[in-house]
Amino acid sequence: MTLSASVVGGSGFTGGELLRLLAGHPDFEIAQATSREYDRKTVGSVHPNLRDLDLRFSSPEDLESVDVLFAATPHGVSMRHVDAFFDAADAVVDLSADFRLSTEEQYDEWYDGHACPEYLEKAEYALPELNRENLPGAELIAAGGCNATATILGLKPLFDAEILDGDERVVVDVKVGSSEGGASAGKASSHAERSGIVRPYAPTSHRHEAEIEEYLGLSVSFTVHAVDMIRGASATCHVFPDGPVTKGDLWGAYRESYEAEPFVRTVSGGGGVYRYPEPKVVAGTNYAEVGFEVDPPNRRLVVFSAIDNMMKGSAGQAVHAANLALGLEETAGLEFGGLHPVGAP
Amino acid sequence: MTLSASVVGGSGFTGGELLRLLAGHPDFEIAQATSREYDRKTVGSVHPNLRDLDLRFSSPEDLESVDVLFAATPHGVSMRHVDAFFDAADAVVDLSADFRLSTEEQYDEWYDGHACPEYLEKAEYALPELNRENLPGAELIAAGGCNATATILGLKPLFDAEILDGDERVVVDVKVGSSEGGASAGKASSHAERSGIVRPYAPTSHRHEAEIEEYLGLSVSFTVHAVDMIRGASATCHVFPDGPVTKGDLWGAYRESYEAEPFVRTVSGGGGVYRYPEPKVVAGTNYAEVGFEVDPPNRRLVVFSAIDNMMKGSAGQAVHAANLALGLEETAGLEFGGLHPVGAP
Amino acid sequence: MTLSASVVGGSGFTGGELLRLLAGHPDFEIAQATSREYDRKTVGSVHPNLRDLDLRFSSPEDLESVDVLFAATPHGVSMRHVDAFFDAADAVVDLSADFRLSTEEQYDEWYDGHACPEYLEKAEYALPELNRENLPGAELIAAGGCNATATILGLKPLFDAEILDGDERVVVDVKVGSSEGGASAGKASSHAERSGIVRPYAPTSHRHEAEIEEYLGLSVSFTVHAVDMIRGASATCHVFPDGPVTKGDLWGAYRESYEAEPFVRTVSGGGGVYRYPEPKVVAGTNYAEVGFEVDPPNRRLVVFSAIDNMMKGSAGQAVHAANLALGLEETAGLEFGGLHPVGAP
Amino acid sequence: MTLSASVVGGSGFTGGELLRLLAGHPDFEIAQATSREYDRKTVGSVHPNLRDLDLRFSSPEDLESVDVLFAATPHGVSMRHVDAFFDAADAVVDLSADFRLSTEEQYDEWYDGHACPEYLEKAEYALPELNRENLPGAELIAAGGCNATATILGLKPLFDAEILDGDERVVVDVKVGSSEGGASAGKASSHAERSGIVRPYAPTSHRHEAEIEEYLGLSVSFTVHAVDMIRGASATCHVFPDGPVTKGDLWGAYRESYEAEPFVRTVSGGGGVYRYPEPKVVAGTNYAEVGFEVDPPNRRLVVFSAIDNMMKGSAGQAVHAANLALGLEETAGLEFGGLHPVGAP
């Protein structure tokens, strides 16, 4: 049985990624892709990798009736249109920050006032590795923030194994690519200004801290740098546990948490060029790579986590969650394994 | 029915690309991947995108019996082992230059002596857009050179439409990525020296001229530049036909040559950011993009052609040809359509 | 004796380059840098390499009296303000296209109507290798276009040595960096869209053809590609002379034309990694590198030329010409020789 | 008075940088550049930015008598040749790790046995911001490690102002370019494998921790990532002081430590694109940029520090120290201020 899907906000980067995934998905057919700016233009004129797709953007004012609606609009848009979304669709998967937090208080602390706080507690966080049991049948799903996703995936096994309980000091130093900024270019993201950078773009107070705090129960010292890649988020977590932890303990913990997960790989040492998680290895894929080292003199653990911010950190996570919500094969449409060699993908 | 396939020279860049394609192909199972250097190591330790593949390299001395053997060895190796390849396999697809030319004379003019010239006339050139009718049942197939492939695909419609007959002056200015140099790094291809370059690496006398001359009947003025990307070959052909040619003539010619071809797209003007062929649009895919403009004051046509040198220009072309040779679905295993946005892929 | 200089349009890329050069020049002091957008802001807040410069942008409405005024404004601005420029300054060096061509007819053919055509014949083309004898005492100087400069420098020795006379067929295939587009970013020049590209951005009819035609007397078949670098223009000229030309002939020609030129180096073969002109070798400098190969089977010469589009192709050329116009040491302020290794500069 | 200088190990990256600086230095003339591999070849054939330099490499066996010898050899070489260096030169500036630490015990803890431990206590650490008073007249000077230099410069004001005393927890997360690996390319540093990466290359136990511990008295939790640039080291220091610290406190501390330093700039917030230290801003220069933010909820300070690893982190630091040791103008030969815009420099 084929399900119908629409993408609201289809001309942006994550909207395009959703369209790419849905077009290659065995169980979905794309009913509609909306774009105010590109209304009536072909999808391929904006996303050149979709030139073979016979589809034109339509106005977000006229939503067709579908099984599932994916919203890839800027923060603050979905909350104002969610009723219209549910008029058109049985299930809504939102990629913005609008429904990621559980309470209005939390939302107000990090964002600027919520238009429909009553939906907050109904929404399910999309990350299957964290919330798998609540996804089947979910009607409103909120895909996580990319930096939060990388961090949560890196640290979660330490909580599962009770190496951390939430009171410890954890520094998270993130490096992200330019696609995180979205398709609307500004001066700071022009090629001439943004190439070759290591730029502290969120020294403190990044909003993704809120998700990490909610879903791990951990307050992190969080800093985000923009680096010269397009796709990718790499989180290095510097962790100071209360007692000694061996590398064997860590292997046990990560194996326990992730051995049944189809999209998480533990990569930690060994030979070859790629010995720890690297975002370019997972670019274009729904995989996350996690790894670690121990630093006994500093009583520190270093945890590395790498994802494609547009895939595992957004559109891929959304489709993965939709697969689980709708009872489809979990990995359907997400099998692409990435390229080698590959540049700044 | 599943066919068995092996990859000789599996640790190089095109060998890895073959393994990636075969692993995702519905009709093949990988029997063997050989590597002298990485014997017994996992394929994933060399090609990190294949970490989920449960396969180790084995020695090229012990070839298993398979339906088809793909050889991704340096130039000059296959010609010395082709008998052993046929002892092991019913069909051989070679990615080196060893069997691309038809006669020993041609080979000797551009290379250094052939070990088994008797195979030259038996071999079929892999490019389906050029040689589709001879591929079914072919036993020895030679995948074309990447720069030659880009050039041939760009110019072929001009011959089909008799806009060119081979006596005209054609300048081909090619820009290629670093994967063309293969996995063995030298000083000139270190990151510090090779980043950010526009480097004339083959000002004249590039060997791919031989293929172009053989298959188009055209002697081209050929120059290749290395630029800062990993995958990709972009050929700009400056063509001086005898008489006037309109853009409409060109649209007609390219449509006629390629409208039935599943892997060639004509992209020529229009709106948006990507108005002509660009290699990053087709990176990771088996697609070629071709396009053109007319320059009446100079009585010139400009033809653009972009491919992924490792895919349409090598491993993808090889699998495409194997599909046709073995009677499989032509596009099987080659459906990946590429990413957007994407960097220097 | 110190001369006073101002930069109109100081917040753009070439404006910043002028300010950098003037700040390090032994004979100039910067009187004023204008910017409408950044009025009263520090120069260092826009150009971070000039943070130590104690200077704020001022309005272009209030021009101070100076010895020389450099105008780095978009095409079409200087022609409307040139009288005001001369009210303020004894000499004007313009970096736009407004005064590059000699006659209104030529200008109208390639651009859109000139506001003060009477200045066209008074203006001197800035390129000293072409026009050295007319620069001393010049009052209005027009810095050449970057792509034209690279092309002219590459081809000029062939005219000097009478290898070409202007009737031959010459294809010029140019590769340029993103700084050529200027500081105003659009969607096509965002980092995510522009990274890793080989993009045909001017397939035909590039306006710099006009300068090449005027100053060399040659109609060129000209195509420009955008590639992944910030600074740099690389011109590959495919030349078809009437008779045979040896590499020795070329060495003689280039030596004759350039051995006395302080900013042109001939690089053509030899060992090492950098055997032909490469833009990254001259990035940040006022040097041009030129080189060549012969292709007897195709009766072709291939000429390579590489410059930094913002330096030799714009601001450096402007200061070089100003040095000559004002009787200063020719190389003053332009001694920086570049970096190695260096990336996509 | 001109001083004579030689560079031992002149064909490597930092050796080339020394030659570049010495060639442009008003008080030095280059007597000799040694290279075993490139003996008798021109310096310009290895370092294309030095093509105008009339100098050939000579053998390190025959050292000429000079005022100062700069050694840019791999770790472990200088310690075996230091007597020969002093036979040839009055002063020696070593860029390797051989003389950076004060005692044999420290050296043995981090490296593998010292050949001449008696020199360790005689050597002066080159970083003027740390050791200015001991440099005049120094005979053996050890240029610091690049990552250590970035870190020390970032954190030193916190010690000067007694915000830190050495017992606090400090995480240092470093991002470096490929020139740090030197001119000898391996597989991991080939363009195809190293482009576009965020690679944890020293998760723990980086040797530069030793220098930081010695010169700041602080044990740091140190992790180094390789990113896609050529030049540059960026250190982000996550600092947890004992009591509250305001941004005003930090401005005071950094001003106090650095207002008299010619090569350190504090950049911390404000408008524009470049609001915190970024390595590309200082690429090619001897400048360091430092900056900071406070994160009260996490009781954290975040300190950013950016240098060019080959300049302030190596050759520039060496020349700066030599200037001070020999009584020259401190900034002589080091005035280059960098480029804008610029890519991955």
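We call the chains A, B, C and D, going by the order they appear; numbering starts again at 1 in every chain.
FYI, a contact is a pair of C-beta atoms (placed from the backbone, for glycine too) under 8 Å apart; a residue touches a chain by one contact, two chains touch by 3 or more.
Just so you know, these numbers come straight off a predicted model, no measurement behind them.
Residue numbering shows that chain A and chain D use the same positions for more than half of their mutual interface. Of the two chain pairs considered here, B-C and C-D, the higher C-beta contact count falls to B-C.
Centre-to-centre separation between chain B and chain D, using Cα means, comes to 45 Å. Between chain A and chain D, the centres computed from C-alpha atoms are 38 Å apart.
Rounded to whole angstrom, the centroid-to-centroid distance between chain C and chain D, based on C-alpha atoms, equals 35 Å. The set of chain A residues touching two or more other chains comprises 13, 177-179, 183, 187, 192-193, 195-196, 228-230, 273-274, 278, 341-345.
Contact residues on chain C toward chain D in their complex (touch as defined above): 13, 16, 20, 23-24, 41, 45-52, 177-179, 183, 229-231, 265, 267, 270-274, 278, 281, 283-285, 335-345. In the complex of the two chains, the chain B residues touching chain D come out as 13, 177-179, 181, 183, 185-187, 189-196, 228, 230, 343-344. Chain contact summary for the complex, chain C toward chain B: residues 169, 171, 173, 175, 187-188, 192-193, 195-200, 203-205, 219-221, 223, 225, 227-229, 232, 234, 236, 238, 240, 273-274, 276-280, 291, 293-295, 297-298, 300, 302, 304, 306, 341-345.
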